[in-house]
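There's a structure below that I have some questions on.
Every chain is named by a letter (A, B, C and D) in the order it is written, and numbering of its residues begins at 1.
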Amino acid sequence: MEIGKPKLKVQLGSIQLKNPVMTASGTFGYGNEFTNYVNLHHLGGIVVKGISLLPRPGNPPPRIVETEGGMLNAIGLENVGVLAFINDKMPFLKEAGTEVIVNILGDTVDEYAEIANKLNNIKGISAIEVNISCPNVKKGGVAFGADPKMVSAVTRAVKDNTNLPVIMKLSPNVTDITATAMAAEQAGADAVSLINTLMAMAIDSETRRPRLANIIGGLSGPAIKPVALRMVWQVAKTVKIPVIGIGGIMNTEDALEFLIAGATAIEVGTANLINPAITGEIVQGISDYLSAHRLESVQEIIGSLITE
Amino acid sequence: MTSYQTNAEILRKEQITGDIFRLTLNCPEIADQARPGQFIMLKASAKNTPFLRRPFSVHQTSINGRVQVLFKVLGKGTEYLASCTSGTLLSVVGPLGRGFTLPQKGTSVCLIGGGMGIAPLFFLAKRLSRHHDHYTSIKVMLGAATAKELLTLKSDFEQLGMPVEMATDDGSAGHHGFVTDLVQSTIGENPPWAFYTCGPHPMMKKIALLCREKDCFCEASLETMMACGIGACLGCVIPRPLPTESGEQYFHVCKDGPVFDAGDILWK
Amino acid sequence: MEIGKPKLKVQLGSIQLKNPVMTASGTFGYGNEFTNYVNLHHLGGIVVKGISLLPRPGNPPPRIVETEGGMLNAIGLENVGVLAFINDKMPFLKEAGTEVIVNILGDTVDEYAEIANKLNNIKGISAIEVNISCPNVKKGGVAFGADPKMVSAVTRAVKDNTNLPVIMKLSPNVTDITATAMAAEQAGADAVSLINTLMAMAIDSETRRPRLANIIGGLSGPAIKPVALRMVWQVAKTVKIPVIGIGGIMNTEDALEFLIAGATAIEVGTANLINPAITGEIVQGISDYLSAHRLESVQEIIGSLITE
Amino acid sequence: MTSYQTNAEILRKEQITGDIFRLTLNCPEIADQARPGQFIMLKASAKNTPFLRRPFSVHQTSINGRVQVLFKVLGKGTEYLASCTSGTLLSVVGPLGRGFTLPQKGTSVCLIGGGMGIAPLFFLAKRLSRHHDHYTSIKVMLGAATAKELLTLKSDFEQLGMPVEMATDDGSAGHHGFVTDLVQSTIGENPPWAFYTCGPHPMMKKIALLCREKDCFCEASLETMMACGIGACLGCVIPRPLPTESGEQYFHVCKDGPVFDAGDILWK
């Protein structure tokens, strides 16, 4: 029996990706930084660095620390702001030959609404991913993603202001991630993506100071993969909308684990910083795996975990 | 700007002193593109520890496709590099960043390196030596803890026909004290000067302030913690003296630098 | 200036430890497994494997999986039960020359109360550590540690049934660990210890099966250290009772980070499995650090983080 | 039972075939204490990847303090071990676990090893050879994928004066097929028999069932995933056929085994 090239297409709400491999926000810049290393055309999608209404300078240094099997970052959401993004970054992105997903963030529900609105009619944007791991300044700085009610509110505000599919990016720093996932689904999200980074910290015992100027940062990389995989599996069992798996994906094997756990697509984050060509390699790797297992389509492995 | 990710073979490993090594890597594309002051990101582990790549200045390139790095063993990554034997493949990304601006014709040039900061200055020296006659003079000042860290490097510069002044912390070679002391006595002569410096922060600061005072051209190559080296993670910032019009408060050392006009830096 | 040997004693409520280095439950057996490798007499304390009212067989294999910078375990709380513990394990432990802390667990609040009661007058026990990361069978299997109200209830039940100091061991799988820490404090806990393992998962992409028979397990080891450190710092700022730091401590440097973050003592877990002599080495390492920094007592570094 | 944690120097590394290696470690206390069937836990990485120690049977010991392990490269840990050169220090914990019960005088002994399962059987063979005359006969049966994996090991056993029958999957040496086929034709002769086996699960199962049928003594050395090897983590379980009185449903392979009476095992 001869089998053709395996089919890699997946559907995220109303958008179709040519394959399930995307980049995670904040680890792939605005795409153009990677053209030397990977053919963007080969990717399922690019999720750009988080965009806010106004430009943000970000946190003072040090912003990054290496940890065992991962890193902490406290970039502080530095970004060019939505207008500069549209003017300076979109011209390149819309020619990149892949789906462009714009990650957005805000301090208030209204801010999310306003950015969504500003992005709504921009050509070349395929979807919006909403980062809700930021502090809600009107609620004493508790992260939006910590509370299902706030998740609902942000989801609705964004949905009301855009025709684009909306992906809610869930925070892992919660007791029950299925609760925030359901809140997003019920409020109309087209998909959920998870996980964002785990809140974490590092200390220099010689100076007795935090290693990050911001004291606390987000842990990413292979260290967090087992936590991410557990959450993706739990959420995929709970919601009907597509789930995008993120967290510590370093290679094809990792990506497959997330697909098997129930993710329709995956985002590669920190791995881009270490191997800027990794996303292309994973696309190829998934295809090879399917061929080796004589599977016709990536659909056959999504959610295929055997638990008896 | 084109840069590459490639698996480069280690062709040669030299131990300069106990903990200072020089690796010769075979990576023709990078050798071809690299300019003085640029750096490469090396994967300094076989597994995930250490997790991040490590940045190293290009120490020199050769027309037959070699790139050299000169480094001191500090921690896990450099220990790994020092333990590699020739034949090992290292994943390299580069060349990266903004290198040195070549001096104007007719200037007196002074290269001031401290410790491993000497690495990129040698590449610059080689480039300058192509047109030695364009410059009124080229001086090299090298500082280190002790003589044996400098001897190989000193003769490398001298082979380019550049006189080398040395300063050592222990007085075992050249001036007993800081390399910055040597600058002070030079900066008066033969204007206009172009200073290029790389080394410990306090050294570069001192030179930068001296140059600001005397209104001399001065470029410095800075270090920060880097995750990607390619401008994607936004991790490698240092404060700008003034925010830009669009509100940017930081330089990204891997993209805006590592070489900066010393006058643009907020020296702390 | 000559300085004598640094003082390592710390106070945990009413008990004094000769130094801040203890072992974490489930990673040091009942102490006797380690006599070949470390002098128990040198340790601040031993926390034994979690004990339930009746013996428990634990989960089917596979129970452990290696991950990047850590491991997952789903031992399933296998233990000999409180009576066999008292009869078979205590005779050795009470002669071990160190504080013995008994980690307990239950399916219901009453069960916790009953075990506490059974341990109350046993000679040689210094304190009880209460593992609340287990599912509450009366509340649909939600972990006791997930909810401040349940934490209060368990704390009170245990306190009401023992004269021993009670350490509540907090779960990290929560939105706000300071809330459960405060609940424990207000309900009378003498100390809190944190963190227990992060809920996590691993999948074999070849067989498409979970790598643990239990599907989900607990992530431990250096991978989780940054999360643990962040939580310890947050809790130490919030409560007045002593905090015991746990999570990924592999060496002296790690232990110091937790002390600096505000932990009065630490527990070494997974590291015991890899280096069974590590606890003794850390005791010595802390002493050496204090000498090198000319500090007279470990008290001087506890909570000494400089954040400007 | 005394066991030790020690940093053992690799005195010798032999490459038996492409991916099978034998390390000779210098660890006198462990060499002194180890009994056939026991194992050691090796730290098979310089850093934290792989994170856990790896269990290996003691392949042989010598009176001058050496311990050998025989292993096949499977993944990260064994790759690391294969890459070590003599002089490297490895952290070793051992000897651990319950070894083989020596056969009664007057029995016919048969050692059946498949693949790396041969490792502990050689240690047992050496111990038996001290009192060769106690046993009616000692037979060795070795199975592997192909001839070259067996040749060195075969001659090691032969040097002890024990005849070796071989079975290879590809027929390149001895019987073309499974080593279990050889057992079947042996078990009839010369009772009483004591069988000792270590190797792939299906092989040991087949032998165990055969022995149960013929009511022969049979011990098997099992493998499970181990984190500590010293009975502390409770990770390494296999089901008992029946719970104990105190409700234990599992054996802990690192403590109750790795060698078990084959009749006590629930062969799946």
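Just so we're on the same page, contacts are C-beta pairs under 8 Å (C-beta built on N, C-alpha and C of every residue); 3 or more make two chains touch, one makes a residue touch a chain.
It should be emphasised that the depicted structure is a prediction, and the values quoted were computed from it without experimental measurement.
*Asks:* Touching both subunit B and subunit C: give me those chains, sorted by label.
*Replies:* Chains that touch both subunit B and subunit C, as defined above, are A, D.
*Asks:* As a test of understanding: of all chains, whose mean C-alpha position lies farthest from that of subunit C?
*Replies:* The chain farthest from subunit C, judged by C-alpha centres, is B.
*Asks:* Using mean CA coordinates as chain centres, what's the gap between subunit B and subunit D in Å?
*Replies:* For subunit B versus subunit D, the centre distance works out to 55 Å.
*Asks:* Distance between subunit C and subunit D based on Cα centroids, please, to the nearest Å.
*Replies:* 36
*Asks:* Please compute the C-alpha centroid of subunit A, do the same for subunit D, then give the distance between them in whole Å.
*Replies:* So the centroids are 48 Å from each other.
*Asks:* Which residues of subunit B are in contact with two or more other chains?
*Replies:* 48-49, in rising order.
*Asks:* Can you list the residues of subunit C that touch 2 or more other chains?
*Replies:* As it turns out, subunit C has residues touching two or more other chains at 67-70, 221-222.
*Asks:* Please give the residue numbers of subunit B that touch subunit D in the complex, ascending.
*Replies:* 45, 47-49, 76
*Asks:* Which residues of subunit C touch subunit A once you look at their complex with the stated criterion?
*Replies:* Touching subunit A: residues 67-70, 72, 146-147, 173-176, 198-203, 205, 207-210, 215-216, 219, 221-227, 229-230, 233, 248, 253, 256-257, 260-261, 289, 301, 304-307 of subunit C.
*Asks:* In the complex of these two chains, what residues of subunit D are touching subunit C?
*Replies:* These residues of subunit D touch subunit C: 2-5, 43, 48-53, 91, 93, 224-228, 230-239, 243, 246-250.
*Asks:* For a test of understanding, state which residues of subunit A touch subunit B in their complex under the given definition.
*Replies:* 26-29, 33-34, 36-37, 49, 54-58, 60-71, 73, 75, 78, 80-81, 84, 221-222, 250, 270, 272-277
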